[in-house]
Amino acid sequence: MKILVMNPNSTTSMTDKIVESARQKASAGTTIIGASGTDSPASIQGHHDEALSVPGLIKRLQQAEQEGIDGVVVACFDDPGIGACREVFSGPVIGICEAAVKAASMISTSFSVVTTLPRSVPVIEDLIHGYGLSHRCRKVRSAAIPVLALEEADSGAREKVRDEILRAVREDNCEAVVLGCAGMADLTEWLTAETGVPVIDGVTVATRMIEALVGCGLKTSKIGAYATPIQH
Amino acid sequence: MKILVMNPNSTTSMTDKIVESARQKASAGTTIIGASGTDSPASIQGHHDEALSVPGLIKRLQQAEQEGIDGVVVACFDDPGIGACREVFSGPVIGICEAAVKAASMISTSFSVVTTLPRSVPVIEDLIHGYGLSHRCRKVRSAAIPVLALEEADSGAREKVRDEILRAVREDNCEAVVLGCAGMADLTEWLTAETGVPVIDGVTVATRMIEALVGCGLKTSKIGAYATPIQH
Amino acid sequence: MKILVMNPNSTTSMTDKIVESARQKASAGTTIIGASGTDSPASIQGHHDEALSVPGLIKRLQQAEQEGIDGVVVACFDDPGIGACREVFSGPVIGICEAAVKAASMISTSFSVVTTLPRSVPVIEDLIHGYGLSHRCRKVRSAAIPVLALEEADSGAREKVRDEILRAVREDNCEAVVLGCAGMADLTEWLTAETGVPVIDGVTVATRMIEALVGCGLKTSKIGAYATPIQH
Amino acid sequence: MKILVMNPNSTTSMTDKIVESARQKASAGTTIIGASGTDSPASIQGHHDEALSVPGLIKRLQQAEQEGIDGVVVACFDDPGIGACREVFSGPVIGICEAAVKAASMISTSFSVVTTLPRSVPVIEDLIHGYGLSHRCRKVRSAAIPVLALEEADSGAREKVRDEILRAVREDNCEAVVLGCAGMADLTEWLTAETGVPVIDGVTVATRMIEALVGCGLKTSKIGAYATPIQH
Amino acid sequence: MKILVMNPNSTTSMTDKIVESARQKASAGTTIIGASGTDSPASIQGHHDEALSVPGLIKRLQQAEQEGIDGVVVACFDDPGIGACREVFSGPVIGICEAAVKAASMISTSFSVVTTLPRSVPVIEDLIHGYGLSHRCRKVRSAAIPVLALEEADSGAREKVRDEILRAVREDNCEAVVLGCAGMADLTEWLTAETGVPVIDGVTVATRMIEALVGCGLKTSKIGAYATPIQH
Amino acid sequence: MKILVMNPNSTTSMTDKIVESARQKASAGTTIIGASGTDSPASIQGHHDEALSVPGLIKRLQQAEQEGIDGVVVACFDDPGIGACREVFSGPVIGICEAAVKAASMISTSFSVVTTLPRSVPVIEDLIHGYGLSHRCRKVRSAAIPVLALEEADSGAREKVRDEILRAVREDNCEAVVLGCAGMADLTEWLTAETGVPVIDGVTVATRMIEALVGCGLKTSKIGAYATPIQH
């Protein structure tokens, strides 16, 4: 099985980290193909960045469709362009926010999310509302760090994420914590060890969920909203 | 007051029609500036088309910000890129779906929407869910016509829209009908006359609502999700 | 265009202030006609007061219907008697709570409301639930002041409202604040300047929204819940 | 225990029928006191009628407070003025819509409502939304009869109600049917026998629920929205 | 009228207390029959305990059906096995959580719940979501006491419950408090006196609501989800 | 990886079929262990049957915990006893309804469910409400067949399921169909071929989702509602 793990932003060090995380958790027979955004911002911090990342994302998926890729993970917690991706690709496509919050609701009755910047909080709240899981989400929190601080070893970012997770457990009465940025994927085990609560990373969960859907022979439905785009 | 009425697709005949509708209903002191999408599909029929229309839309709004435009109407019923638009522009920005369904809920207790193609139905249902008006929306219906059929005088499209409105009133017990495509703006009066029910066109309503917000001195909040994009 | 701005309570100094605010923001061609409640309480602080204000409100609207008024603003944040008003009047009618929260959701992803007395908090929460915007409303807050304290220059009321707005921004992570009482209309600019966040006053927003609906030729639907009352 | 069963409209023949129904189902030790609306419409068919019925209703409850009445049933399915009633009265107050739909949800997983005129349908839908039971309500239906037709023996109204109940069971897959008008109270047993499904009348259920609340020593909370009105 | 008040756990001292509370508030003509769980845990603290209590509960209700019992109260705040009970019994069956929160919403606009252990909080939140009253529930709180501590006079449990009620009123702005455990039934009057707010006990409310339903001749609907189990 | 696929009812031919389906779709390194209910009904058709199946289910999971099983699929579409299972088992546990509807919402914007008997419809509607996906579910439908008819080759059951799927696509405008009974697992490919729409079987999807969660190192959170049961 071949899965494309697409980092919609253009920071290749982040792509490498994401792909490495996906590979570590993927099944034996799965090939993970990584890709970064082209003509895309270096990080996705808000709707503008998200919007600019989507055309490149679509183009890469159209190519993936030709290459015999079986399924796609969109590795940005804002779940950019998922509808468009599902239109241009036959196999299943999932964003890491959707994967992570659905997984969280399978192993807990409530979760909180810890993301990077405060401006992403309402974006994620809206996604969760759309996925129907607002009643399972105690709070979306920000660790007040820029996305790319996660790429710098000595930025203190990982400690800030850990501290925010501990605050979430203490103040929100949540039973699990979802990492609200693809750039946190490599921290999952360390954060789990430090905090003692289930910490859910969307990149790995999404990769395994795509494996699950492909393994069951499921493809995106083409009889409604996700039909192939009309030729103009 | 200067309002940009932006047709995100690239069909200029449709832009002309939309701008004409906006001008007819705008207040005396308002200047309507029209614009079409660049590097955008000829019509927006699904998520893919929508996604491709947004970068050009953003660029046009960044220019509008420099030109002293006071507010913006995004004249496509999928409300594409609204979040991004609100980030790059200071004044108020509204999509015609949001404007129309909010107006509909001010003059009726329930409405149905009549759009073009069936594939747009779930897109619009999701928008209305996000706007919190699902309990006011009886049904989103399709007249089963491509968007650009509305540009051809003898396509029978306008009759199909009228017939679907009549079906909506008869079968849904709705009290008003919202036109689910910017390309229907010029039909509003004819449809109202033919059907005898309040028919709501998002283009004109959005134009007047932007006037309302600008007139009250309201601008998009910049302290949260709609803050100016971060420079990369 | 002639718009009736109706203060449902009987305090004429409050009516004057409300009408003055509406006039300042109304379009050039709009005539604002003010009216106060008759046989109505001096202020509306709870369901009882609200209920007693409605028969006079209805009577005034029936008269407005004869006078060629085009649209009506009901200037009390409890939105009293809106359904009844829509039955007896042909043109659009809107309450200031509905107008303000719908406007707030056009320029922000979340807002809080600051009202007068604590007893009004659940009333407003229920209205917002009915309008479908609970997921956009962070919190309804009370500044713990009686409505009529807003009429007294040295009551300290305006400072209390300002302080509560600042608390809302700090504690609720809201992006805008809605003023939860018609009697705060004249404070909007001062509060905006003092707090630096978008402050939304329902009186002016409702006035401009009525202009918008009338300008688009929209009237209240008469084929359902808002049909003219049946003669007994 | 003394319970006031208040018909908010002014048709005394309807009051008699309602009171008779309440008495038949009340407990041994309960005294039912009936009252009709004063300065109120002959029937309540829409918001206007409802609004006009409330001041008289409030006045009667203030008197009841002095008379040592223990609890109040407001016997109109639009649940008019309940908030105001709860403010002016110490004991529990309930409307027949609230009582009936809550009872229905205790003996079934879904119900439909059969009311009189189509214009009442959205009013009742809104009430049920407020009570949080929309997911239990399959449909609100109208038998297309004026309220007062229920007062005329040979109007054919009761047959129309029966036929609509049968349609509800057949088309909605509902498990119980709620009678959507106080004037149907006397038909409950006949309709149950004719249709073979649980038919729920709000008048009798509300009476017994008030007995229940009073019997448990519960009174309306006075520390929030239902506090005694402020003296002006 | 004969009502079975069933304590699904096997602690008979708790059953005695519950039955005593029910008897004190029941109507004159009502006979309360008590029963404890068989092959059931000593207390129900979580889903596992709840699940083990249900088969015995069902068996007891099948026996009750033969004994001419008119209605049943399931006296555990997790509302265990209510669907199954409604299938095997003809008369009305209600759990004390459902009864209490529906009563709370009749005498207040908002309530909080105080239960025993933290692990029960999400269980109760889910029940309230199912009953459609999340928007009326400010918070579900735990007094951090095991259920059986309520059986020991000197455990300090009742003081902890009182203190948590006071915290609820202070911090949640709730207007009433619901006791979230059948074992608190005997504390209702003391807690009401100590806290000065309406305190609602599900055992007594459920008993009186069953009286109400039986008194109105209502039985569980047998045409849908609650039909008699199919013989295997 | 070892996964227990548990059929909560006692019909071993159905267990065999379910286990066979799970094995066909499981990953190479996964061992599927099947189990049937003990002291459980032959099929689960309603709450009563469901309740009786749970104690045996719990016992089997407690044994699985000792045997080093990694995760559990509960293969009944009523998702019986999931909360209790999550309390007594460390690894992830999922019911087939939850797995199927979450998968459906990853490959479509709307789905319908086709189950066996009409009495299961409201049970499934409630589950979907709890999972937060009511807005994605067009309709829960019944093929009007007893569960065990699926075990008889010539019962006509599979044709009835197919016909109901075709009706769902035609009448509901759904984009995918979920099979609402574990006993339909072996029909998935045939039904997909016959109907041409994505048909989702919960047994195989749940098996692969458990693989996904285990593969990511996720276990059920033990700090809240799913903590190990308290010893009595």
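Just so it is clear, A, B, C, D, E and F label the chains in written order, and each chain counts residues from 1 on its own.
One rule holds for everything that comes next: a contact is a pair of C-beta atoms (placed from the backbone, for glycine too) under 8 Å apart; a residue touches a chain by one contact, two chains touch by 3 or more.
Everything quoted here is computed from the prediction, not taken from an experiment.
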Worksheet, complete the sentence: Listing by label each chain that touches subunit B and subunit F gives A, D
Discussion item. With centres defined by CA atoms only, which chain is the most remote from subunit C?
Written reply: F
Discussion item. Report the inter-centroid distance (CA atoms only) between subunit A and subunit F in whole Å.
Written reply: 27
Discussion item. Taking the mean of the CA coordinates per chain, how far is subunit C from subunit E in Å?
Written reply: 42
Item to complete: Averaged over CA atoms, how far is the centre of subunit C from the centre of subunit D? Could you give it in whole Å?
Response: 31
Worksheet, complete the sentence: Where subunit A touches two or more other chains at once, the residues are 86, 109-110, 118, 121-122, 126, 129, 134-135, 173, 175, 224-226
Item to complete: Go through the chains and record each pair that touches.
Response: A-B, A-C, A-E, A-F, B-C, B-D, B-F, C-D, C-E, D-E, D-F, E-F
Worksheet item: Taking the complex as given, what residues does subunit B use to touch subunit F?
Response: 118, 121-122, 125-126, 129, 134
Fill in: subunit B contact footprint on subunit F (complex, rising order)
109-110, 135, 173, 175
Worksheet item: Taking the complex as given, what residues does subunit F use to touch subunit A?
Response: 25-29, 86, 92, 94, 98, 102-103, 105-110, 131-136, 169, 173-176, 189, 192, 197-198, 200-201, 204-205, 208-209, 211-213, 215-221, 223-226
Worksheet item: What residues on subunit C touch subunit D, complex-wise?
Response: 41-43, 45-52, 54-55, 58, 81, 83-84, 86-88, 118-119, 121-123, 126, 129-130, 146, 224-227, 229-230, 232
